[in-house]
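Listed below are the structures to be examined.
Here chain A shows up in two complexes: once beside chain B, once beside chain C.
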Partner chain A sequence: MAQITLEKISKSFGSVKALDAVDLEVKDKEFFVLFGPAGAGKTTILKTIAGVEFPDSGLVRIGDRIVNLIDPALRNVSMVFENYALYPHMKVYDNIASPMRSPLHRKSEAEIAREVARVSDLMGISQLMERLPSQLSNGQRQRTALGRCLVRRPNVFLMDEPLAHLDAKLRHLMRTELKAMQTAFDTTTIYVTHDYSEALSLGDRIAILNRGKFEQIGTGDEVYYAPVNEFVARLVGEPEINIVDAELQDVAGECRVGIRAGASIVHYPLPDDIGGKLHASGVGRRIRMGIRGVNIAYKFEKAEGYLPGSVYNLEPIGNKSILTIKTDENLFQTIASNDLSVELDTPVWMYPDPKNMLLFDAADGRFLGRHHQAQLTGRA
Partner chain B sequence: MAGLTFRNVYKQYGRTKVQQIFDADKSVTLDRDRRDVDATVRRVASSTAAPYAVDNFSLECPNGTFVGILGPSGCGKTTSLRMVAGLEEITRGDILIGDRVVNNLHPKDRDIGLAFEDYALYPPLNVFDNIAFNLRAKKMPEDEVRRRVLELAPLMKVEDLLDAKPAGLSGGQKQRVNIARALVRQPSVLLLDEPLSHLDGKMRQILRTEIKRIHNRIKCTTVLVTHDQLEAMSLSDRIAIMKDGRLQQFGTPLEVYDNPVNVFVAGFIGEPPMNLARVGIVDDGRDRFFLFPAKGIRIRVPGKYAASVFAGDEVILGVRPTDVLINPDDPKAAAVPIAVFENLGDEKRISIEVGPEEYLTLVTEDEKRYRPGDEIKLVFRETKTHIFDKITGDRILGKE
Partner chain C sequence: MRRGIFEPAFRYAALIVWALFALFPLLWMVIISFKSDAEVFTTTFWFSPTLGNYEAVFKTDYFKYFLDNLIISGCAVLVSVAVGVPAAYALARYQFRGKEDLAFQILSFKFAPEILVVLPVFMIFQWIGLYDTHLGLIWVYQLITMPLLIWVLRGYFEDISVEVEQAAMLDGYKWYQIFLRILLPLIKPGLVSSALLTFIFAWNTFTFPLILAGFKVQPVTVAALRYLASDTVHYGQMAVAAAVTALPEVVLALLIQKHLVRGLSFGAVKG
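Here is the complex of A and B:
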């Protein structure tokens, strides 16, 4: 049971900087997600904590102990592998007992029996002790593998994309299962994923990693409603958020976002809370306007405040369709009902709701703000 | 350009006894009475032969349509495509392009464009020469070759890459060149075998859009083979779903989504997947309910099934996560505790435990937040509640 602290950790592989002076504090018993694209450095952080990768510089603390020089086997961390890697020839009982039979951590059989019973109760698999892994369902295998990790009462639980190899249907079920068991872990957990829905679903907090540096560390609501920059905004959500060039303008003292549509510009008055803030920072400047597909309305007739465009694509994907609208300058992906039927290139008018606009700096992509930011991120 | 037809097509790997028996016994005609033939085939096949990789597959793709063949690995979808292309022999049945049977035509005479998932571009040739390769091989005059390549290049958005070598291209660009190379021959039928599966998510989505737009522009009959239901749904006019060599259903994306003919199609189409659970039917004298036996949860059976299921029956219930509704005002709604609440940003997912490792999941865009253990009242959207036979898996229809 411990908090984990990384201080100024750097790590290079040849000329590639995998980690660049990262600082991180994971609280005791927190479920913490490391999220980012491939090659961002997520697994390197995990391995650094486990002790199988040594940082070039910086300190790793587990609890209040500096563990840089501690052997991985003595750090009391437990790593869950992709595929769960159960011993196929061992019964569930022996799989779970195996860490306590290793030479380093050997326990008496009486104690092992007690511990296995505790963990299998926790995981709800007590009735499966005599089965081989091949006789288990996928969910039972996951529970057994997690049980094997918990039996050592580790300080830290490290999970490296445990669901990544599963097909979409199974991943959905296993994520639900994992979430259902989460409270039973009662152990500091660091979970690596490149799947935003896993990150949002499971994480108490999420750290978004890009090229060896953290872009943002925050709750799911914070990264969804107030991403610190365009990079984070694009990572969270499906279809990807639309981000386009826009202009901040003053119309009769009111702060508006102007979006170009061919020869003209359509204006969107910002709600007072964000409008006032941006007005003070200077109007007339160029910004970037981000809007998620779910927050765009559309009509097949001309309407006041709607941007003119045409249907670029319509993709039914089951319970909804993705409607791509092309304006003179941009493509916007919006969400339509699954029974919409329309020819490509039909004229259409769209309305990005200013209450849900995410505004970014045009120069560096930094987040400028949004309506109701404090309420939505729970920082009111 | 022409349509594509599969007529009772079978494929069996390896030359088998069944084949020989069929060849000898001319009294068995395939087209007229499928049932008898099937029985014969099965009787013989069970003792001597491997099962059919493609088993009595019939499909009609009208001229200009985009048809997706969708199924898990090993379902026979790629074999079907390869039989069209002439890369596999047809064991029995006919494949027609337009009204011409192509069974015995050489692949090069079938007038087909083919693009596989691995791009197989010629590395020493630049993009222009790669696209032009097949035309030149057919000894087409060089100015006609030039005209065709330059006409197609902007459509495929490769006009700026014509001088580049394949090694310098991204995966998405390679696949564009690959498809351009297939289309430049102006084939009757374009065959695409998992064209997007090597690409990352973002590029996949972009290319999906481009393929759809190009199809809309040139309206070449296209058959797409994929295991990705999202890809099939988003691109196809109609989808053929296959399993174990057999066609399960052929319909528009919305048809297969809303009206799956059996449990397999119901579970294969849609993300998150449809909730499928074995339930009992109980009766309280006035209303009939689905009963989830492990937890004793009861949810009312829609009226349309009044003459289809009765107390004591057991069926497979199918309802999509978007059709499970929270309705606190319905006095007959089932009150159930939440097992898992997930906030995924655009939507929230709520899962109710209905058995060991079995959840009833619902998706909502409602902003309300819940905690595990909170009680909600559930009803099903009655028009979208499906039931299936517990043994055959076939859908049981109600009175609409």
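Here is the complex of A and C:
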């Protein structure tokens, strides 16, 4: 029973508006991800729910209760802080045991020993029990902090970038572990991250926060396939989505996207569903066309319907490479296989697949639509 | 190899010179305390030791003065700790208007020479009845003890991230439990060293008690003057008074010297 509701929460730090009349509803037992760039207000939302920061205005509800005036301790939330917030003078064991020694959640020492052992096993820090936080690496500190959070059975877990300082392999492992644990615990979790793959893989729903306001709240598919605006589209996905100026045209009743390439314009007929919709709202206007790197095909010979460009950069990133193609007007990042080897400035032709184009309004960056939007976002 | 012999030799020689320079006045004082008045000027190291001075001094109210000093200095430090810890916490944690001005104001209490403020304080104390009382001295001693304590502890509190306290709140602790279990252990080195240092400052204070007390209450620093009688100066007795007065400080300094420098220069351990 821990649905969390924020109503018109505002919070300023001096002249900086951290949260601007934010509304949010997190369902019971949901794994909810807050995602956004640094300084967006993610941590402030967590701390507001925890009760360690007070909103300037607005209501916080946990379950059916308005908790604005309820002591943080009595809200029964458990939080991982971004800077770990371990007790510097206590050993790892005592840090993890701390919640179970407080008057509110007191357990017998035998039970504490058992629980700490269980959690530290899970976190892979059993051998560090006798150390002080200052004797740990950042990754170990983070796991200790996570352990202290998970040792309880609270209404809500609040996790502020709990995996940010782990190395890649461990992060992946812990991600899986966290997800499994959350399913097992059946506890509402609010999870802050600035890593989009973490957001997509963990979140039942994702809220994208920017400058104290939500840009979009939706499932991973929704924010990936149908971002509400250019900001969200750019934030989700790696490499960053390519968004270029384009023109919406009517050629014999068919709606096409025209992209300039040097002197000429290459046309891409849109699929009927999106084409029809945009056609009805008027053609001949400027729009913005977004295409993700994975949806761009390329050839090293001239081909019909392909945009001419040249190789600008080739960056291997392990199991694949990012090939940057420069046209006269734009740079496009595409995914290439990592066995590709090519000289810089080699002429290349590329094909942005119209079935995967994300179209945005040129004036305000608002999402106009895409092919198969309903099917892809599960709202058919 | 030559350097290996000469360098330590030189170092020890220098240290011995320094030790003599630093300790000789103390030694001189102790020696005088065992001399009779007649021998004070005439003998250097060869004299017939006597306990007469000690007898003479301890027959007076010396221990009362000693106790007065202990009460005043001890209570002054206790008050400073009781007020200074929350004050330092507030200066470290909260944002309020004029915060830095207030912090500077507190520090500036140490700037003015005591003689500058003591006359107005004397008149005020006469007027409100605090003249020549323990309470009055304890109060005015705050000028000596509080600024250092607040400034040292403020640094300690600033080094403790606010999230540590927030984590403790979420763990289910009340504010006073957070203070006792989390904050107090973290500020302990600073608290102990600054409290002991301020105790020594308070113990040595002369100007304030000289003007603001004198009959009912008299700390030993001022009382030592009594042995400068109008007709003769009893150097032997003065030496006794001074030597015994310095004793608690020497003991304290030896006890805390290891922690003193560390406690005042290090912040809380970050973690």
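As a working rule, the second predicted complex is superposed on the first by the 313 of 380 C-alpha atoms of A that agree within 3 Å, B and C clash if a C-alpha of one lies under 4 Å from a C-alpha of the other, contacts with A are read in each partner's own complex, and residues count from 1 in each chain.
Assume a residue touches a chain if its C-beta (ideal position, glycine included) is under 8 Å from a C-beta of that chain, and two chains touch if they have at least 3 such contacts.
Values in this document were obtained by computation on a predicted structure and should not be read as measured data.
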On chain A, which partner touches more residues: chain B or chain C? B
Report for A:W349: first if it touches chain B alone, second if chain C alone, otherwise both or neither. neither
By the touch definition at the top of the document, which applies to A:F360: first (chain B), second (chain C), both, or neither? neither
On the A-aligned overlay, A:F214 touches which partner chain: chain B = first, chain C = second, or both, or neither? neither
I'd like to know which partner A:F185 touches here: chain B for first, chain C for second, both or neither. neither
What is the contact status of A:S134 with respect to chain B (first) and chain C (second): first, second, both, or neither? second
On the A-aligned overlay, A:F32 touches which partner chain: chain B = first, chain C = second, or both, or neither? neither
Determine, under the contact definition given at the top, whether A:V236 touches first (chain B), second (chain C), both, or neither. first
Spell out the part of chain A that touches chain C in their complex, as residue ranges. 47, 50-52, 71-73, 77-79, 81-89, 98-99, 102-105, 132-134, 141, 148
Chain A touches which residues of chain C in the complex? 160-161, 163-164, 166-174, 177, 182, 185-186, 268-271
Which bits of chain A are touching chain B when the two form their complex? 124, 137, 139-140, 168-169, 172-173, 175-177, 179-180, 183, 196-197, 200-201, 220-221, 224, 236-240, 292, 294, 312-313, 315-319, 322, 324, 338-339, 344
How about chain B: which of its residues touch chain A in the complex? 202, 205, 208-209, 212-213, 216, 229-230, 233-235, 253-254, 257, 267, 269-273, 320-322, 339-340, 342-346, 349, 351, 353, 356-357, 359, 361, 363, 365, 372
